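Chain IDs A, B, C and D follow the sequence of writing; residue 1 opens each chain.
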Amino acid sequence: MSKTIKVGIIGAGRIGRVHSESITKYVKGAEIKAISDVRVTEELEIWAKAMGILNVYQDYQQILQDPEIDAVLVCSSTNTHAQISIEAAQAGKHVFCEKPVDANPEKIRQVLTAVEKAKVKFQVGFNRRFDHNFKAIRDRVVAGDIGEPHIIRVTSRDPEAPPVEYVKVSGGLFFDMTIHDFDMIRYLSGSEVDEVYAIGAVLVDPEIGKAGDIDTAVITLKLKNGAIGIIENSRRAVYGYDQRAEAFGSKGAVKTANDTESTAVYFSASGVVSEKPKYFFLERYMQSFASEVSCFIDAIINDKPTLVNGNDGLQPVLIALAAKKSLDEGRPVKLSEVA
Amino acid sequence: MSKTIKVGIIGAGRIGRVHSESITKYVKGAEIKAISDVRVTEELEIWAKAMGILNVYQDYQQILQDPEIDAVLVCSSTNTHAQISIEAAQAGKHVFCEKPVDANPEKIRQVLTAVEKAKVKFQVGFNRRFDHNFKAIRDRVVAGDIGEPHIIRVTSRDPEAPPVEYVKVSGGLFFDMTIHDFDMIRYLSGSEVDEVYAIGAVLVDPEIGKAGDIDTAVITLKLKNGAIGIIENSRRAVYGYDQRAEAFGSKGAVKTANDTESTAVYFSASGVVSEKPKYFFLERYMQSFASEVSCFIDAIINDKPTLVNGNDGLQPVLIALAAKKSLDEGRPVKLSEVA
Amino acid sequence: MSKTIKVGIIGAGRIGRVHSESITKYVKGAEIKAISDVRVTEELEIWAKAMGILNVYQDYQQILQDPEIDAVLVCSSTNTHAQISIEAAQAGKHVFCEKPVDANPEKIRQVLTAVEKAKVKFQVGFNRRFDHNFKAIRDRVVAGDIGEPHIIRVTSRDPEAPPVEYVKVSGGLFFDMTIHDFDMIRYLSGSEVDEVYAIGAVLVDPEIGKAGDIDTAVITLKLKNGAIGIIENSRRAVYGYDQRAEAFGSKGAVKTANDTESTAVYFSASGVVSEKPKYFFLERYMQSFASEVSCFIDAIINDKPTLVNGNDGLQPVLIALAAKKSLDEGRPVKLSEVA
Amino acid sequence: MSKTIKVGIIGAGRIGRVHSESITKYVKGAEIKAISDVRVTEELEIWAKAMGILNVYQDYQQILQDPEIDAVLVCSSTNTHAQISIEAAQAGKHVFCEKPVDANPEKIRQVLTAVEKAKVKFQVGFNRRFDHNFKAIRDRVVAGDIGEPHIIRVTSRDPEAPPVEYVKVSGGLFFDMTIHDFDMIRYLSGSEVDEVYAIGAVLVDPEIGKAGDIDTAVITLKLKNGAIGIIENSRRAVYGYDQRAEAFGSKGAVKTANDTESTAVYFSASGVVSEKPKYFFLERYMQSFASEVSCFIDAIINDKPTLVNGNDGLQPVLIALAAKKSLDEGRPVKLSEVA
């Protein structure tokens, strides 16, 4: 595995920089040759230099046209994911696309077609599949240790609600936040989803309600393998980022707890105190960002399938659409109604 | 509190004997004067003698007509609970009635009317409210430590499925098993339930399905205070009786784990092993059976309200009816539809 | 096992009453016929009546001379344990003697001789052997799960120091408190002790130092089977009664944590809080008091050896003597030096 | 902090490579300019190239003579630490020296004199001070959360014994393994050590005994601040690298558990299984290797004291000498006897 894959990062916002840093530090076999952003500031140039990224472009076409670049990470705003992914595939680049690929299943299907035609690798940024805890559950399920899955539960709570301005353009809770949990239900259960029922509420911040969104949700899912999925969401857990899951089946169960900064437990007259969960996704999931890109690079170098493929990009969007319809109509909705 | 309350036990099946033993051992201020059962066997008489219970009757009327007896525990078969409770109240006895009071809300209301008219104490056997773990959650909620409740979750899994013959006469999962969890959602949230959506499946034993019942269920509940409830049920968790809950709100969360026989953890080359949950309800909930009767006796002696009143007997039955209707019709059902 | 053993309690102080209550509630096959105390107060008579104990004597000889009484529990002051035990054995009573039997090994040996001659059962009140947690460690050791024991550690900290007046007559930390831990090292390791080295300090309360005692100690023990024992003592752990142990060996390790009132964990913005250990020995060890007496009664009824025999009463006293000598002389001391 | 410190690594064995990798990946502000080893193999040159280290020397003098190099990490064999550190200081290089500096206190003092004279920074490689768990205990102690320290305990067990050939040249358990724990007692307690008593045994591997060493040890320490320290060592814990500590004091206690690969817990009919500790020091302490060097680099750039100074290098060696003398003579030994 002596080849080094040259990578271009499209979009230098938060997630683009997270990937840049984790590739630089942790991903063997990859080298960032260029980064692009619609707004090239002096700050961006200084940051890129410090990261050792030599080329900073305003126009991502410069990345697509560079014959030395093997692969791109599409980290631009969500509404541009599909178009850029298609163009990148047509330019012969392997494509790692941040989630969600698009809110419109039709556009996702166009991306999948383009990718297939171009015979390039395609991976979607569902990084939590690479988290050590969720992976430990998945490994038990795949090994048959819990037998047939019966109930899969995902608890996913943010430490604080995003600004309302963000909420307004986020696509709504199901597309912005729950999309990861929809993926997790599929990943842990190994099954597609048949039907969705969503309860939503505005309990955290009335402004979120005024913006037409919800901040608290419980979604139950009938899976095609007969199991039942449960997702619990809140935009604000005051004690920190709460990311747990449990898979229960005919032969047992496996569950995970949150990661903490240390294992220290303090005993005093007023109680026994242990650490809060790691604060937010950068703290909790940093290792998974490196792992997912390592997996993508490995798929390219060794011509293997990626571990989060096109269908894995499509299905959560269908589930989110069904959840939204369920919430709006107050009834369970089959995926076939939105497909 | 020098008065001793003389108690009669009606029904000498499993739960009647559990109460007899726990009263004898742990309940101060109570003395069992008589027990009745439709089938008085030699074995029962020997058992009663060993317990120090002097009178064993076939006809519970003998208990109701004994002027020395202050209170009765109705532990007979479910279909007789309402009738016996009414007669006991009319005879001036305080009534502790096992759950469920009846599957028919109308009959429960008749009991409540009789009890009210007779001005006797009435308590329903939702013992889990007296369990140290669930009570610890409730105490945090009442103290305001979690702020406004947002999501209340109850995980309730039996260690093994009952015989199909039992399932056939049990009234179905919601009335036989989930009834406790419906009560727990009300108890932990401090709120009535507005709407119920139930998913059910036969994943444990196909015979249960043939008997017209389910063995796996996930029920979501919209509560009147705006919070959302979740109940997870399975008739068989191979690792033992799984009884946990979690309450999440605006200021925090509180959750409980299962009780175990010891805190021992064993570390070996093949892994780190700790104890399974206590096997079943007798092991897990014995302390709560004594506590609930102590509470009942205390209410009589000190003329205080009981902690599980008539409405607490009625509401879970309404929720169970709504859950059944939801399961049958594949849609969320409001409690007002079944009230 | 239809026979009921009639028991006399000698000494109605705290431990005498603890045994009386636990026998009444939990011990099958035993009935308390009489209790004696050098000071018979009205309060004692009221208490005895409430417990259903019909005879209250000032002179324990009345118990020893009652031919109906099969067994006595010697719960009087420590300096009378040996003499009363000898007289009880000579009167043909089975003897359960509180710990320590005596501070003088010679007197313990006299008790053992008297007991042997009288062919009565003899058990010493090392109740912690019957605690569910320590027993779980012992069971793993006996089963061979940790292989050859290498290191056995006992952490034993009281929630608060006793009054200095008590300290003055207590016999010192090693005889009053550590005596249980010396027993525990023998019990968990299955080995006798060869050599002891003790470090002591006055860190909790200078008054304890003025009284000639210590309040903090670490004792290391070379065991005859080659393993090493460690005991940690403090007279005051502000977070509660800290009672843990760990056994480490060639095939693994087993350790226990403290018992708590509930498993509840509370998550808030200021941290994650779980319950403190149960407050003190009555809360933590109540079950063990009943179990040890049940074991004693069972030994009588079924003519089996007791589980805490005469040598188990003698050895901890020898270890305590060696520990005291080690502390005084600042060097390791062999048990053979004090035997 | 724009300056980049140029670093030379002296010694390309295991620890030299660990530092090289962690500096390359994680340490900001440092750049490795050269590495030296007495044996320059082709494999080493390939490895160095892959790490981006341009210069590979056989003679460490080439590093000391390079005026561009600001600092060196002395990772050579222990018997050369002192001499190389002195020469490096004389050459004006800041010195990070692996532990132990030397087994001879006199030689350590010569190093400290040389370092002081040259006015260069000096840090000793006690990496565990930078471990997140031990640091969490230290932070509680420093914050006064446990009040006055009374008992400090360190449990330190390797997952498997080293080869006997290694044992023979290791300097013995106290210098090779316990040296870290001696440091930890000082670090956690904030106190110097006054007296040491050591018990040692050969329980893991008789070959270690034949080589004149021990494989199991319990060391108790009287600290100058009045507290008592306990160290437990074993060369083989079959369940993995066991690295825990506990600090107990007048206001409370704080303890840590081992790190694990995930938080997953698996429940099955045969038990409840969680993960073993991370396997060995590379897995457990990798983060601490980066943190200690970051601290060293920060001390250079910002002219601050290092966090593990010369005295921190000297004291554990004195304690080890006292422990060895204690073991040999079977009595407690004061540090003043070996100083």
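Just so it is clear, a contact is a pair of C-beta atoms (placed from the backbone, for glycine too) under 8 Å apart; a residue touches a chain by one contact, two chains touch by 3 or more.
Every value quoted in this text rests on a predicted model; they were computed, and no experiment measured them.
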Work out which chains are contact partners of both chain A and chain D.
-> B, C
The chain whose C-alpha centroid lies farthest from that of chain A is chain C
Just curious, how far off is chain D from chain B if you go by their C-alpha centres, in Å?
-> 58
Taking each chain's centre as the mean of its CA atoms, chain A sits from chain B at a distance in Å of 42
Distance from the CA centroid of chain B to that of chain C, rounded to the nearest Å?
-> 39
Note the residues in chain A that touch 2 or more other chains, in rising order.
-> 237-239, 242, 251-253, 267-269, 275
List of chain C residues in touch with chain B within their complex = 25-26, 132-133, 135-137, 140, 145, 251-259, 261-269, 275
Where on chain D is chain B touching in the complex?
-> 237-240, 242, 267-269, 271-276
Sort out for me which residues of chain A touch chain B in the complex.
-> 148, 150-151, 153, 157, 197, 199, 201, 203-204, 216, 218, 220, 222, 226-228, 230, 232, 234, 236-239, 242, 248, 250-253, 330-332
